[in-house]
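Listed after this line are the structures, all set down as structure tokens.
The following pair of complexes shares a single chain, subunit A, combined with subunit B in the former and subunit C in the latter.
This part shows the complex of A and B:
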């Protein structure tokens, strides 16, 4: 089946001031990704790796500097504001369920807003609001309530309902479950997979929680300092991580079994957790300053993503040099 | 009193005179215009020196209120009763002046957000020296500066001398959190309280920070109470785990007992709500939300969300009973 979303060589930089001087921050650097319809692409990486910027470029909240975006067989300009017709096909759910809602709008007003923007009639709006509220498991009585009267989990259901109101094909979930307690997070995760099954939704799911990403995603892309260093099916990537950064990420996830605790291992003093600044990223491979396998080559040549299996790419010299 | 950072030799044990922290029947009530809300409702526990207690539970369960009551930084309208002994000295019976002195030198605290815990307009050195001189009034500036350097080395900050001159904004999140820890242990506390200390950090940084906590805690032989909603952090770091719900400890035991053989349905629910590595099965959410503390049901506070609840659970408040060696649970059905 044709891909629903194809990103080709997307780059996004920001002009910033660093120490009083003008500088360029490379937030997303030549990222190419594809998302198949009805599936979930997970994006993982540390804070500052560009995953949220990429999410915003996808839905058109940021204009990309360079690159192409093909959605549902049609090319969308990444450097130009989207038309309402384009916007309604993609929606986004943000991390903080509280600040994403207008505190002075009722739940139904919040959910109705994107429909109003699109010029839907009153009767269509009322019907759609009732439908999506039921879909996300919000009692109809909540329609006239205000966000402060709801719990965090319920507020995130409102945000999901609002994203679904326009019947989008693609929903970008940017850390959408991260601010919730684990007990509530599980409710929202289950809701997301039920909605996907029911409406054939396609998700781009961004999270720093590696276990949750694996659970929800069909394919996963690992980002480091604006670049995709490895991608592949969730199962392959987690079972057999190839890039040293993916390996580092996966080995850092604590287990729930006290017997597997590593707390008594020595703390090494080497500064290998420090992420270099995206304002002045390392030459060659951006990960080389933290990589245990780095060689001279890594400082000189930027590794290009190479195919290492069905739908699986990795950008690392360990796999390009014999 | 001097701040010497001596490393305890491996294999030696300190004589157990008094535990680092002993809490008995701690009750914290926030009093407001519309009545009182009991955030902590009769909590008792002991943390030996060199040992880690992790307190887990959802937001609003009273974990942070408990820590704030122990160190004594609640708003003035708060009523705190019960015994809070640090190294054998009861903080509750102290004069406000002694209590202030105890803060930082007997009991100290690390907060969740490493960004807001530091003052952005002062260098790391200025802030550390201030903390050190607060606890060691005899020290001159040069000596305090030397101590600051030692503290940064203790929290394993690379090129510590250069970092002293840095402003918080020039440090990464992990480095800032280390500076916050260094400040917290400047007075060489008997017990350190940590409120979600790794939640704001990336998973790669979190893993090292947990090992660092462990190492420092051994280096200066203190007790550590860590509040977290992340069971992985508890499993990684804790000797003992307590589960808090609606202001009470509903289960308490060793990390292995609580996390691998949970007795209370709430603990079981928390564990099953986690998505484990490679899990395909749907996570089991705990239905509903934690109760509002001013509207607690007469019986077990967890009964409305409990899948095992029987009619008695709605009427009888369960007492805490032993379910194993040092493993207690407050559930009517526990045996």
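This part shows the complex of A and C:
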């Protein structure tokens, strides 16, 4: 089956001031990814690794400096503002449920706004709002309430409803459950999973929480300092991490099973917790400053992603040199 | 699956007790609950603000005083039969409380009550019109530069900063003097003085709002910048502007009164409070009580506006 979304060599930099000097922050660096229709691509990485920037480039909120984006067989602009018709095919669920809703708008006004912008008729809007509210499990009585009268979980349901109102093919979930309590997280994750089946949605699910990503994702990409270091099916990647960074990430996931505990055998070395700045990233492999296996080669040559199995790539010199 | 939502209305199945008494009790509580639920209407932001404002005693009293002053100015002809412009020189400088002249008479024998009431029209006009004008212009400038950033925003805001660098009263005197005396020119001068601070308030509120995710969500739906500004940004900037502007009314009246005091405001013999204060200045040793009447009203209005403004800020501020 053809891919629904294909990112080819996407790069995004920001001009920032650092200590009074102008500097360039490399937020996303030559990222290539594919998403199959009806599946979920999870993107994991520490905060500041460029996950959210990548999400905004995908949906068109940020313009990319370089690279191509193919969506549903059609080339989409990455360097120019998209038209409303292009924008509505991909929607996004935002991270912070309290800032993602206009405090002066009722729930139904918030959900109806994208439909109004897209020029839907009054009757269509009313029908769509009622449908998506039901589908995300919001009582109809909430339609005239304001965001401050709702709990965090309910607000996130409203966010999801607003994203679905335009019937997008792809939904980008940017840390969509990270701000919620654990118990509410589970409910929202189940809801997202149900909605994916009902609406035939494709998700790009971005999170720093490895357990949550594993629960929802078919494929997973691991990002480090703006680059994808490893990708593959969730099963393979979690069972047999290849890149040293993936191994480091997985070793730090808390587990309930003592037999699986990695507490006493950390991959991490003493000074490896400091993340280098994306303003002046390390030469060669960006992970080398924290990598226990780093060699001279890593400082000189940027590792390119190489195929190491079915749909599996890893960008590490450990796998390029025999 | 769904979050534990308390049902909005309870149906008959709630509280199926074993005894008749249990069931009756359950039915009573069910009706109570349902009655409370159906009467509970979600409140809009402004309804909630009004409700909280009503609980603030100082604010309500201050707002009441403002209302009385406004009504007094509007219905001045009904409240007094005396002419504010022509007086009897024989009756001049009657003391406060003298028969026929509740607030006394001024140096030309004109009834002070009539002059205060009619003068309130000019003074309140000079308080409200510049504030509303500056709020509109300042919000437009502030929201524009807050959204546009870049060169447009920088030029707009640095221009505002240049004006803001002048002390308010000095700028008002400079503008007023160059335009010449008269109420209209006073209003224009005070408006120009107030635009920069309002623009700064609006700009900082806009900067705070545009980085919020709901603005990004609106852009993602394909809305134009203008539409995002109007539907998403403006409603969230307005309450900051309203709170700030409500505090400016009192200041505007003082500046307008100062301009008339200096002879730059409304032309005599029109009874403007600042002008009245100036013309009675020389009589302070002869009729001290009468001489402080205009000053008292300037003070009262200004304080009432500021207290009402503070109460409004509190009513809007509390995070719901």
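Definition applied: the second predicted complex is superposed on the first by the 308 of 322 C-alpha atoms of A that agree within 3 Å, B and C clash if a C-alpha of one lies under 4 Å from a C-alpha of the other, contacts with A are read in each partner's own complex, and residues count from 1 in each chain.
Here, a residue touches a chain if its C-beta (ideal position, glycine included) is under 8 Å from a C-beta of that chain, and two chains touch if they have at least 3 such contacts.
In this text, all values refer to a predicted model and were calculated from it rather than measured experimentally.
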Partner chain(s) touched by A:249 [first = subunit B, second = subunit C, both, neither]: first
Touching partner for A:217 - first (subunit B), second (subunit C), both, neither: neither
Which of subunit B and subunit C A:94 touches, first, second, both or neither: second
Touched partner set for A:202, first subunit B, second subunit C, both or neither: neither
First (subunit B), second (subunit C), both or neither touched by A:108: neither
Touching partner for A:257 - first (subunit B), second (subunit C), both, neither: first
First (subunit B), second (subunit C), both or neither touched by A:187: both
First (subunit B), second (subunit C), both or neither touched by A:151: both
Partner chain in contact with A:60 - subunit B first, subunit C second, else both or neither: second
Shared contact residues on subunit A - subunit B and subunit C: 151, 153, 184, 187, 190
Interfacial residue positions of subunit A with respect to subunit B in the complex: 46-47, 151-153, 181-187, 189-190, 193, 208-212, 214-215, 238-239, 248-249, 251-267, 269-271, 273-275
Subunit A-facing residues of subunit B, complex: 58-59, 156, 158, 172-175, 202-208, 210-212, 214-215, 229-233, 235-238, 254-256, 259-260, 269-271, 273-280, 282-287, 289
List of subunit C residues in touch with subunit A within their complex: 1-3, 5, 8, 42, 44-45, 212-214, 216-223, 227, 231-232, 235-236, 319-320
Residues of subunit A defined as touching subunit C within the complex: 56, 59-61, 83-85, 87-88, 91-92, 94-96, 99-106, 110, 113-114, 117-118, 137, 139, 141, 144-146, 148-149, 151, 153-154, 157, 159, 162, 166, 184, 187, 190-191, 194
